[in-house]
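Listed next: structures, encoded as structure tokens.
One chain, chain A, links the two complexes that follow: it is found with chain B in the first and with chain C in the second.
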Partner chain A sequence: MAIGKSVKRIDAVAKVTGRARYTDDFFMPGILLAKYLRSTIAHGRVTKIDTRRAQRLPGVERVFTYKDIPQNKFATAGHPYSLEPEHKDVEDRLLLTRHVRYWGDEIAVVVAENNIVLQEALQLIDVSYEEYEPLVTPEASLTEGAREIHAGSNNIIGESQYAVGENIEKALASADVVLEGRYRTQMCQHCHIENHIAYAYMDDLEHIVVVSSTQIPHIARRIIGEALGLPWGRIRVIKPYIGGGFGAKQDVILEPMVAFLTLKLGGRPVKMDLSREECMIGTRVRHPFDVKMRTGVNKDGTLVALDIDALSNTGAYASHGHSVAGAAGAKSRALYPRAAIKYHARTVYTNIPAAGAMRAYGAPQIMYAVDCIIEEAAQRIGMDPVEFRLKNVARLGDFDPLTGKRFESCGLIECLQRGKALIGWDEKRAARPKKQTGPVRRGLGVACFSYASGTYPVCMEISGARIILNQDGSIHVQVGATEIGQGLDTIVAQMAAETLGVPFDRVHVVSTQDTDVAPFDTGAYASRQAYVASNAVFRAARELKAKILEHAGRVTGILGGELDISNGNIVHGNNPANNVVSLREVALDAYYDKDRGGQLTAEISYKTRTNAPTFGCTFVDLEVDVPLCKVNIKEIFNIHDSGVILHPVMAKGQVHGGVAMGIAAGLYEEMLIDTQTGYIYNNNFLDYKIPTTVDVPDIGCEFVETFEPTSGYGNKALGEPPIVSPPPAIRNAIWDATGVQINELPMTPHTLYKHFKKAGLL
Partner chain B sequence: MNRTIRCTVNGKKKELSVDIRQSLLEVLREELGLISVKQGCAAGECGACTVLIDNVPIDACLYLAVWADGRSIRTVEGESKNDKLSRVQQAFVDEGAVQCGICTPGFVMAATAFVEKHQGQKVTRNEIRRGLAGNLCRCTGYDTIITAVKKSLDEDFFCYDENSGGRRFRPA
Partner chain C sequence: MFNIKTYKEAGSVKEAIKLLQENPQARLIAGGTDVLVKLHKGKGQFHHLIDIHNIAELDFINLNDGEDLVIGPGTCFSRVEESPLIRKHIPVLSEAICTIGGPQVRNMATIGGNLCNGVPSADSATPLIALNAVLTIEGADGLRQMPLEDFFLGPSRVALKQHEILTAITVTRDNYTGFHGHFYKYAMRNAMDIATIGCSAVCKVEDSVLKDLRLAFGTAAPVPIRCKDTENKVRGRRLSQNLLDVITESVVDDVNPRTSWRAAKDFRLQIITTLAQRVVKKAILNAGGTIH
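Up next, the complex of A and B:
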């Protein structure tokens, strides 16, 4: 039995010994390097570009500009192809652009022998621009008469809404108390340590091979085909080990360009390797949100209504565009399913870096606003904030009010109760003085969230698994689901071992994705993979097991379904200790007997048509140094209901990483933009501060295990959720400590100073 | 322009002709195939390229290859002997300190230097944090990495958690 055990992570040794190969670790003799010429304005049009001097520089292979590229507009978002026109991603990109839409836009590309020549050549290209006013904020881009960033868009990329329960105005009117608030979140970047990188080559006249650090190899294949106007079957995408993604690599960024370059250069290998500075501005960022909220509550603690109005800033290009704001509303619906909810969202273009998917896909923005106003509602009616949440959050037996689907598992109440006990909520609140006055004040905060286990029913959810019995009785598994550091390969091996009845270490999972041979799956996003892959792996393992037992029956002469597999041996079903024959002997017979058998394999492609809600909460105890405007976290706990925990150590690893990123989004990180020019001030790790070892406290983590019947092994999503609730919990604790509500992120000393000063604390 | 340097890499003597403009990172990766030395920022910000030069952790991206003349360099490739992981490597595997793995080789080298320097000493989690503050990881939140380093130090000595008022730290 492998599920639920912290087995040895299967790629850990490869990674600690430095043997794991990432995209940059495959060396090809004569490989060419390519680099973009990026615009030095945020909004405008190239009037003249002269590449002749660059082209003449020895070592330069070719220079391409916006004049030299295919005119197929394509969408970059890592979504499955949609058969529904209203769910199609917005096709607003070309490989290079004449129309500049953000500072750093890609107007030309140089291919050269080495980096030194490349840098020199970029400086030899002369560009003249007609400059337009940079529209950096949604207010600017929505102003009457503002120039359209994309023709015909009105600078609005999408708008949507839903309403559940009673009519929102009636519900608000019926509530004892109505509150309003406005909450803003910032532009962040993923900061995966491996920058975006890809290379391509051709090994015949037809097929393009692209090796890339991507979360979505199968989607990348299609989008490369679309961008280049080539049949998708001529593209092969290979994904080796990848050094983090967090959503920035759920987007097709370099792959179409390197494919185009090798196609133009006679199939020679060409690599693009973004610098950190390029990666920060020229890939994807998190959408900044501006959320207006209204809520109605009754004095008995009943949450009556939530009216959410979100304005999302997607920046220069659509990428995931309005999907992020749409999904954010959908995923938060499960948290308070008995209240009337109206959710409206609008997404706009501006001249800032393009926003895309980032861990939890809009949920951190919306949940921050929701948890802020929920806290205010609890305070207003004089109810303990934990009690208020306990009274109103999702319970087992609730339904998604929009889809009517019943929650098959829900442990949020238990999560809140567990967190309350862990942090010592009641004791600490009872022990401290009513009003704190000193320079250093202590506060407790709570926040909770719901999320989802995939994208269904907006997108289809497909996952493929192929399981092979090798000649020696060992097992090979191929899945289309993509290991990006979260531990997917290990989880898949556990699933296969569990259902087949073989020891975990006999199962090998092919980690490298290769779209020429791997089963189809759309990749690592939406915290979907363990959930949807479980349904494919479980069925494939069950089918292979039946085939093995059928053949074992022929080998042993024991028929009638009496056999089973236990610990890698064929046993009598009623006496597992009695080994009838080894798996190796059955495999050798199946492969090599002259008359019977064959290669025993099973392959399943399975569409999951459910989407289990997942839940959790954060409790934090912190100190605010008022004169220094500094927050010091003393204790923080995240408690999750993610169904059955497949691998406790790796699950905790997801929580630790997500909470650290959440603390950073709450207290430290923001991409700073010059509102006059659209220039990003902090496009590197010296100026954009992601937490170091000394900036993250010890993180407490617990699970409330439930069983989710719609997945293969009872599990639900866990990858993204831990990032969601730390920022609002910290905000609520700062309020508790100081009496000051901070309704914008990040809550840096700079932000706190502004609010403390206004509140008269300083 | 090239210059010949002599150095020791993972215990083996090497004579290398290097371009004077090349970083040690480039030479280790491209000439010697030591792919554990990862480039994350090329500016000394992230520590993914940390190697030990005369047992001191250094960002190989900032260190010119010619400066390595006469010095001894250690990368993670040299840390496991006869397929047996070093104490630090084994602790990283056991404690779940490895996720995407791109920062892992640099972290293992920085941790190795820290552990060798503090072997047998009483070290707190916060001291470990300060000792490894030059290496960035975006996956783990550092929790398991700190625990792995703690485990690599002499087990006879306690590790104190300053954050919780000097209580003895108990790994989760």
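Up next, the complex of A and C:
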């Protein structure tokens, strides 16, 4: 049995010994490098571009500008193709642009033999602009008469709403207490260690091969075809090991360009390797949200209504656009399913870097606003914030109020109870003075969240698995789902081992996805893979097992129905200790007997048509140094209900990483923009403050294991969720410590100073 | 890949001076932790490099005949931080240095490079100006000495001519004997960061009297500075909470922080006044004083 065990990651040795190959580790003779010429204004139009001097520089192969590219507008979001026109992603990109929409927009590209020539060549291109006023904030881009960033858009890319339960105004009117609030979140960036990188080449006159650090090879193949106007079958995308993505690689960034360049250069290999500075402004960021909330509560602690109105800023290009605000509303709905909820969201274009998918896809923004106002509601009616949540959060037996689907598993109440005990909530609150006055003050905070295990029913959820019995009785598994550092390959091996009845170390997983041969799967996003892939892997393993037993029946003469596989051997079903024949002998017979058998394989493509909600919470105990405007986290716990925990150590790893990113979003990270020019000040790791190992405290993590019957092994999403609740828990604890509500992220010393000053603390 | 047009390695101070004279465009590189960052950003003035990081005569820490503490500017931060002489006589410098970058940076970066780079946030500058450090500079015109405090001319500007090299950093015996200090770096995170405000206090306490105080701030003005007016006001006064309050109040007139996108002036003042109080208090406690 492999599920639930902390087996050794199958890529651990390759990665820690440096043997694992990433995109930049592959070398091709004669490979050329390419680099974008990025705009030095945030909004405007190129009136003149002269590339002749750059073109003449020795070592420069070619220079292409917006005049040289195919005029196929394409969408870059890593979503499945949609058969419904109204759900199609917005096609607002060309390979290069004349119309500049953010500081760093791509107006030309140079191909040269090395980086130094590239740098020099870029400086030799003369560009003249007609400049427009940069529209950096939603307020600016929504002003009457503001210039359209994309023609015909009105600077609004999408708007949607839903309402569940009682009419929201009636519900609010009926509540004992009504509160209002406004909460803002920042633009931040994924900061995956491996920057965006891709290269392309042609081995013949027809097919373009693109090797890319991508979360979504099969989607990338389609979008490259769309961008270049080529049949999709002519494109082949290969995904080797990748050094993190967090959603920034759930988008097509460099792939169409390198494909275009190799096509133009007679199939010569061309590589683009973004610098950190480019990666931070020229790929994707998290959507800043401005959320207006209203809530109604009764004095007995019943949450009556939540009215959520979100304004999401997608920046210069659509990318995932309004999908993020839409999904955020959908995923947070499961948290308080018995309240009347109205959710309205609008997404706007501005002249800032394009926002796309980032870990938890809008949920951190919405849950921050929700957890803030929930805290205020609890305080207003004089109820303990944990008690208030316990009374109102989702429990087993609740339904998604919009879809009507029953929650098949839900352990949130147990999560809250466990977290409360771990942090010593009641003891600490009882022990401390009523009012704190010193320079350093202590506070406790809590926040909770709901999330989902995929994108269904907004998108279709497909996963493919192919499992092969090798000649020696070992197993090879190939899936379309992608390993991006989260441990998917190991999980897949555990699943196959579990269902087939073979030892974990006899299962090999093909880590590379090559769209020419890998089963179809849309890739790593939405915390979907372990959930949806489980349904494909489980079915493929079950089918292969049946085939193996059928052949074993032929080999042994024992009827197949009486046999089973245990620990890699064929055994009597009623006596597993009694080995009948080894898997190796059955495999050798299947492959090499002259008359019977064949290669035993199973391949399943499965569409999951459920979407299990997943839950959890954060408890934090912190200290605020008021005069220094600094927060010092003493203890933090994340407790999750993610169904069955497939691999406890890797699950903890996900939680540790997510909580660290949540602390970063709560207290540290923000892309700072000059509101006059749209220039980003801090596109580097000196000035973009990722907390270091000494800034992040020891992170406590526990799981409340439930069983989710809609997945192959009882598991639910865990990849993204840990990032969601730390920021509001920290905010609530700062409030508890100082009496000051901070309703904007990040809560850096600069932010705290402003609010402490306003509150008279300084 | 760095765009380096010429690169020469100097084996001695004399040779480095000669190479500098031969190529007026040339700049020195020691540990490279500032120069290579500038080259990475495409700054043109660092295309011609003279490497001095292997010059043995710049890499030392010792006491001279007069028991003055002399530090070779080519000594990397890790060695300065761990030096028994430094820890014994001027531990405040070790305190400051261990906040610089991470271990890898401190293994490469040199103390002289930190001073000659001339940024207002240089973490080794405030303890050294509080200790009245003196620099020895050698060039085509010979040797000269100057107080470190006068070395800083403005942001990234220091009193070093194109053909000159810093060859020694000296803290004289009378500037460390009987003195105790404390350093605090205020930054957005607790490692791998640039100081929002750096503060060093060095003091001498006798019989509950503050015999001497030197208070220095980084990033509180265009260059690292000493708070001379405040020092003069409190020298010789009895230790008390009131004395600390006087320092907090007075320091505002000594500093001149500016608003930048990294931090606003009023925020910097908040940190400066808080640190003045806390860092001086800790320095006094380290000196065996008590505050009632």
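One rule holds for everything that comes next: the second predicted complex is superposed on the first by the 761 of 762 C-alpha atoms of A that agree within 3 Å, B and C clash if a C-alpha of one lies under 4 Å from a C-alpha of the other, contacts with A are read in each partner's own complex, and residues count from 1 in each chain.
In the analysis below, a contact is a pair of C-beta atoms (placed from the backbone, for glycine too) under 8 Å apart; a residue touches a chain by one contact, two chains touch by 3 or more.
These figures come from a predicted structure and were not determined experimentally.
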TODO: Go through the superposed model and pick first if A:I116 touches only chain B, second if only chain C, both, or neither.
DONE: both
Open item on the list: One more residue to check, A:L672. First (chain B), second (chain C), both or neither?
Closed with: second
Open item on the list: One more residue to check, A:L762. First (chain B), second (chain C), both or neither?
Closed with: second
Task: Partner chain(s) touched by A:L686 [first = chain B, second = chain C, both, neither] - done: both
Open item on the list: Residues of chain A touched by chain B versus by chain C: which partner has the larger set?
Closed with: B
Open item on the list: Looking at A:P749, would you say it contacts chain B, chain C, both, or neither? Reply first, second, both or neither.
Closed with: second
Open item on the list: Looking at A:S212 after the superposition, I want to know if it touches chain B, chain C, both of them or none. Which is it: first, second, both, neither?
Closed with: neither
Open item on the list: Going by the contact rule set out at the top, does A:V694 touch chain B (first), chain C (second), both, or neither?
Closed with: both
- [ ] Across the two complexes, find the residues of chain A that touch chain B and also touch chain C.
- [x] 116, 686, 691-694
Task: chain C contact footprint on chain A (complex, rising order) - done: 114-116, 119-120, 627-629, 668, 672, 674, 681, 686-687, 689, 691-695, 748-750, 753, 762
Task: Residues on chain B engaged by chain A in the complex (per definition of touch) - done: 21, 30, 33-43, 45-46, 48, 75-77, 79-80, 85, 89, 92-93, 95-96, 98-105, 108, 125-126, 128-130, 132-146, 161, 163-164, 172
Open item on the list: For a test of understanding, state which residues of chain C touch chain A in their complex under the given definition.
Closed with: 1, 3, 42, 186, 188-194, 196, 261-264, 266-267, 270-271, 274
Open item on the list: Taking the touch rule as given, give the residues of chain A at its contact with chain B in the complex, in rising order.
Closed with: 6, 8-9, 11-22, 24-25, 27, 116, 190-195, 241-244, 246, 275-276, 484-487, 634-635, 649-650, 652-653, 656-661, 684-686, 690-694, 696-701
